[in-house]
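Single-structure report; data block below.
Read from first to last, the chains carry the letters A, B, C and D; within each, the first residue is number 1.
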Amino acid sequence: MVQAAADKATREVLGPTLAKLAREGLDVVCVDADLGYSTSAVKFGREFPDRFFPMGVAEQNMIGVAAGLASCGKIAFCSSFAVFAPGHCFDQLRMAVAQPRTNVKLFASHAGVVTGEDGASAEALEDLTLMLSMPTFNVLFPADAVECEQMIEAAARTDGPFYIRSMRPKTRILFDDAHRFELGKWPLMRDGKNVTLIACGELVKSALDAAETLAGQGVEARVLNASSLRPFDREALLAAARDTGAIVTAEDHFIQGGLGGLVSQALAAEQPTPVEFIGMEGYGTSGTWKQLLEHFDLTPEAIARAAGNAISRKSR
Amino acid sequence: MVQAAADKATREVLGPTLAKLAREGLDVVCVDADLGYSTSAVKFGREFPDRFFPMGVAEQNMIGVAAGLASCGKIAFCSSFAVFAPGHCFDQLRMAVAQPRTNVKLFASHAGVVTGEDGASAEALEDLTLMLSMPTFNVLFPADAVECEQMIEAAARTDGPFYIRSMRPKTRILFDDAHRFELGKWPLMRDGKNVTLIACGELVKSALDAAETLAGQGVEARVLNASSLRPFDREALLAAARDTGAIVTAEDHFIQGGLGGLVSQALAAEQPTPVEFIGMEGYGTSGTWKQLLEHFDLTPEAIARAAGNAISRKSR
Amino acid sequence: MAQAPSASTEELQEVARRVRRHIVRMTHAAKSGHPGGSLSSVEILTTLYFRVMRHDPKNPSWPDRDRFVMSKGHATPLLYGTLAEAGYIDPDDLLTFRQLGTKLQGHTIMGKPPGVEMTAGALGMGLSFGLGVALAARLDGRDYHTYCLLSDGDSQEGQTWEAAMAAGHHNATNLTAIIDRNHIQNDGYSDYQRYDDDGNSPDRPGGWVMEDNHTANIMNLEPFADKWRAFGWETQLVKGHDIEAISAALQAAREDDERPTAIICETTKGRGVSFMENNPDFHGKAPSDEQLAQALQELGFEE
Amino acid sequence: MAQAPSASTEELQEVARRVRRHIVRMTHAAKSGHPGGSLSSVEILTTLYFRVMRHDPKNPSWPDRDRFVMSKGHATPLLYGTLAEAGYIDPDDLLTFRQLGTKLQGHTIMGKPPGVEMTAGALGMGLSFGLGVALAARLDGRDYHTYCLLSDGDSQEGQTWEAAMAAGHHNATNLTAIIDRNHIQNDGYSDYQRYDDDGNSPDRPGGWVMEDNHTANIMNLEPFADKWRAFGWETQLVKGHDIEAISAALQAAREDDERPTAIICETTKGRGVSFMENNPDFHGKAPSDEQLAQALQELGFEE
């Protein structure tokens, strides 16, 4: 699947994809809270100025306005940083979007410690938890820009609330254009039978690297891209537990409440299995994104080590 | 432990307890957002009007003001309904309280479906998830008014962020005054060796009732009161998994992300064990609190049934 | 009724009286709910639904309908009562209010029943939603108008001022805010205006907790009209139980093509039922059997 | 320095020049950060820390110190640069800004280093925090004063208006808001005031997306002083790079015992570095090597 395309940030595709969809006749609008260049939303605004509504730095109002537009039949996107939306407008998302299931799509960028130099306040490590706490939201976290673009299109074409999480840095392209995103399906990135590495976002690439290392040690790791967190791929998860008996989750997010929490709970309900967790436990700090991934042990090495631990827990 | 004290709502003890602590000389203040009668905070305000700061219906400001007061050495309580705080001021809690670890204590009332007739918008089912997503917050959920009072006092006397979740209806008193709340300890409400029922809030009583039913069927159920969600009682949990091999969690909260999530994740990390979940999966609705507990299967019968399922999964 | 009917003021007053009856009966039957803030907006809704708004109970999702967005989502007895009078709800259903299984939930839910435009119950959210609806009209070239009902409490939430600023900025002239300014909120009196001061100093700013279960001067909104003007709105101050005055203000607001208009309605919380009038206790409390009887009598009904 | 020192205006201008040097050097070294909004508030902070505020770098937690609360938490080069000049930070540490392991984080963190009063980085939060600090002073009978620095963006967040309303209501006369009104925010120009209109119509309300990577008229805050007045504040309009004018306004604000004061400082974003002035690009972008050299030269430094 891996090809030589240039690195690209997942956040770069929002504006261009919305513009494409609007050109195709979809009734898309976009509400903005003064981060339209960072989330690339203005690329849509430039082409469709009447469909682009800046609200200034006012995330609560952004969500409310989007819900109002959606109630009149619009496919209402809005975007901000993942610390501010959902964080700064949670109740608005709950009341104006999740409960009435309005057709609002929140695209958040700058998630995770890879946000980098701004430090703890800017590094969203709880946004997936918040979004998963609203049961009517579809929650997606693409592993690369190709998947991200397809998710935006799927969100636009599927009625109801969506959240798409994206990252600041340019990261590796993992999928070629033939890839087709399916809601609720976790792409199998590599097969294996000794352990399963379930990763999301930029850590999918790290999990693949870890699998490569593990292969060198004679361990065959399966790698799943958990890009669809709600709905999640129950079948792929249970098959992984059954087939490999040991699981590692890896996410640039707090361990509790994100992918790790979701996997743990589904397994506890159906198939108790040892799980090791790669992710964040406390708030982040300033640094370059690559330094921070090292600093907080969100690396292929840490994933490979966790795989070893998970495997060693199998028989107990 | 059960005694004949009159039923009492956990929310009723906030104001009186704060007043008592202030009388004892603690530098307590309370910031309010127009729900001071519902949370009982005004009972403190009446006695210490200079220490009581109403902010109108403005939860974001309430939290910021509390943090400012705390930065000057005050023990800053604030209170609202659990849908509005944390929901309406999540980013403020994250930035002004959780990250700098200011000495702010959020007391939320009207949590859960037992809020009743107001319906879905008023029934907080995600507040524990939100609060647990901030790693520096202590998160408490008393099973009765006695425990609640002790928690308020513990929060006041312990530096750092606390969240205390309380309920609207008058519920059974489970503890006598000799009980001593300990942060991070789950009171053992009943011992047993076949299954462990881990409950919080008003469902502790339901779990005790379920244990009684189970006893009649020859099943000995251990009952733990998971009133301290962070820190949680790792030892009690692992002992329960070891000793009984099957677990049921019960909470008036979404299953995902609350007590069920916490238990699942801790077990997946250390001791994979079958868990059955009693809790909410979608938003609530209008009704009396007792009707809603029935309607959503948050009952002793449901807990007992779940215990049976958990036990039947043991050997697999 | 695709066009607003032109009912006489007497007819509207009669409708208002029936809506008040629904309010006290519904809350009594539910043993809960919010009579006070429902009673204070009765004339506003009556005027909207029976004189000003273009709407069709047979076609509640008609794209060209005027929208009524109720930010103060707790005032469901008011809204359901009015929708029943207007033909959206079977009046027989009203007494299922707040009961398990009912369509008539404690706080509004969008589309439940059809005619309810917005899910609410958390204050401060309606004006943003209304602005979105108004911007959609402009984009779609539709000439419907959007009316938002706000309360004292709504006006204390920052989101309302975000929305006000944005509506002013985007020149949402097809948006009107109507504020039910009854000076009473959950815990008591917003200010000292309606509070009868018996020798207690009204000088202390902020949250003077009373002996008698209310707080006075919780959060003063004055100078209220100045706030709206400074956020780019036209303002009108109106006697909030005077149907003629409300009609005139709504008409002027609709015709204003320079700015959105905020109509500040001076109202009495609990209006029409003597023991509820200006009484914070009845913000969120239902009348007892005896109180219901008295209320109905005062409203001129047998039952 | 337990009392504010009485430096001459020339001395303050000299300090301001050094702070500007810190700002461009820190952001250059960090290859990131926010020079524009740091440069626009230099005179404000210089005047506060070197003339008006009572504080003691040897005792940063002195309970009677005046408080400086920076709501626009991204302006860390400004704050750290000023704190270095004032003796809170070793100037040698400044170039560790934003690097892994540094105390000098990208956005402010309370107490890190001592002297930083508040964790910030999400806009809109500072005035609430400042109000809490001011209310604590009143409760404790302390006479310190609290100064909050806000930005255009802060003023668009509803929380700021919640806090403004509450401060007015609670008569927090010991609280002063200083708004760095540079008319530029993240995506471009807040309004049309500083935007040079080349034949493009400035009539379109809201979010006119420009060709050149900025948006104009994102969210107009005018009439800005009216807003503060309507929320119960005294207002002053001040030339935000004029130390004398700032001093006088701060003095008057401190003496006002009727109302809290909002000092609206008309500033130029990027002030002091020609290519950054009034240029939205340098809101959140560091200067290159050549740009640093030019900036230092313009500021009158060799390096």
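As a convention for this text, a residue touches a chain if its C-beta (ideal position, glycine included) is under 8 Å from a C-beta of that chain, and two chains touch if they have at least 3 such contacts.
All values derive from a computational prediction rather than experimental measurement.
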Set of chains adjacent to chain B and to chain C: A, D
Geometric centre distance via CA averages, chain B-chain A, whole Å: 30
Inter-centroid spacing, chain D versus chain B (mean Cα positions, whole Å): 41
Computed distance of Cα centres, chain D from chain A, in Å: 35
Contacts with 2+ other chains: residues of chain B: 53, 55-56, 58, 60-61, 83-84, 87-88, 91, 95, 99, 120-121
Touching two or more other chains - residues of chain D: 109, 119-122, 124, 156-159, 162, 165-166, 169-170, 206, 219
Overall pattern in which the protein chains touch one another (line/ring/star/complete/other): complete
Residues on chain C engaged by chain A in the complex (per definition of touch): 63, 69, 109-111, 117-122, 124-125, 127-137, 139-140, 158-159, 162-163, 165-166, 169-170
Interface residues, chain B side, partner chain D - complex: 29, 31, 50-51, 53, 55-56, 58, 60-61, 63-74, 76, 91-92, 95-96, 99-100, 102
Chain D-touching residues of chain A, taken from the complex the two chains share: 32, 34-38, 42, 45-46, 49, 52-58, 60-61, 83-84, 87-88, 116-122, 285-288, 291-292, 295
Chain B-touching residues of chain C, taken from the complex the two chains share: 30-33, 73-74, 98-102, 105-107, 109, 119-124, 153-154, 156-158, 185-187, 190, 204, 206-209, 211, 213, 215, 218-219
In the complex, chain D residues that touch chain C: 124, 156-162, 165-166, 169-171, 205-206, 217, 219-221, 223, 226-227, 229-231
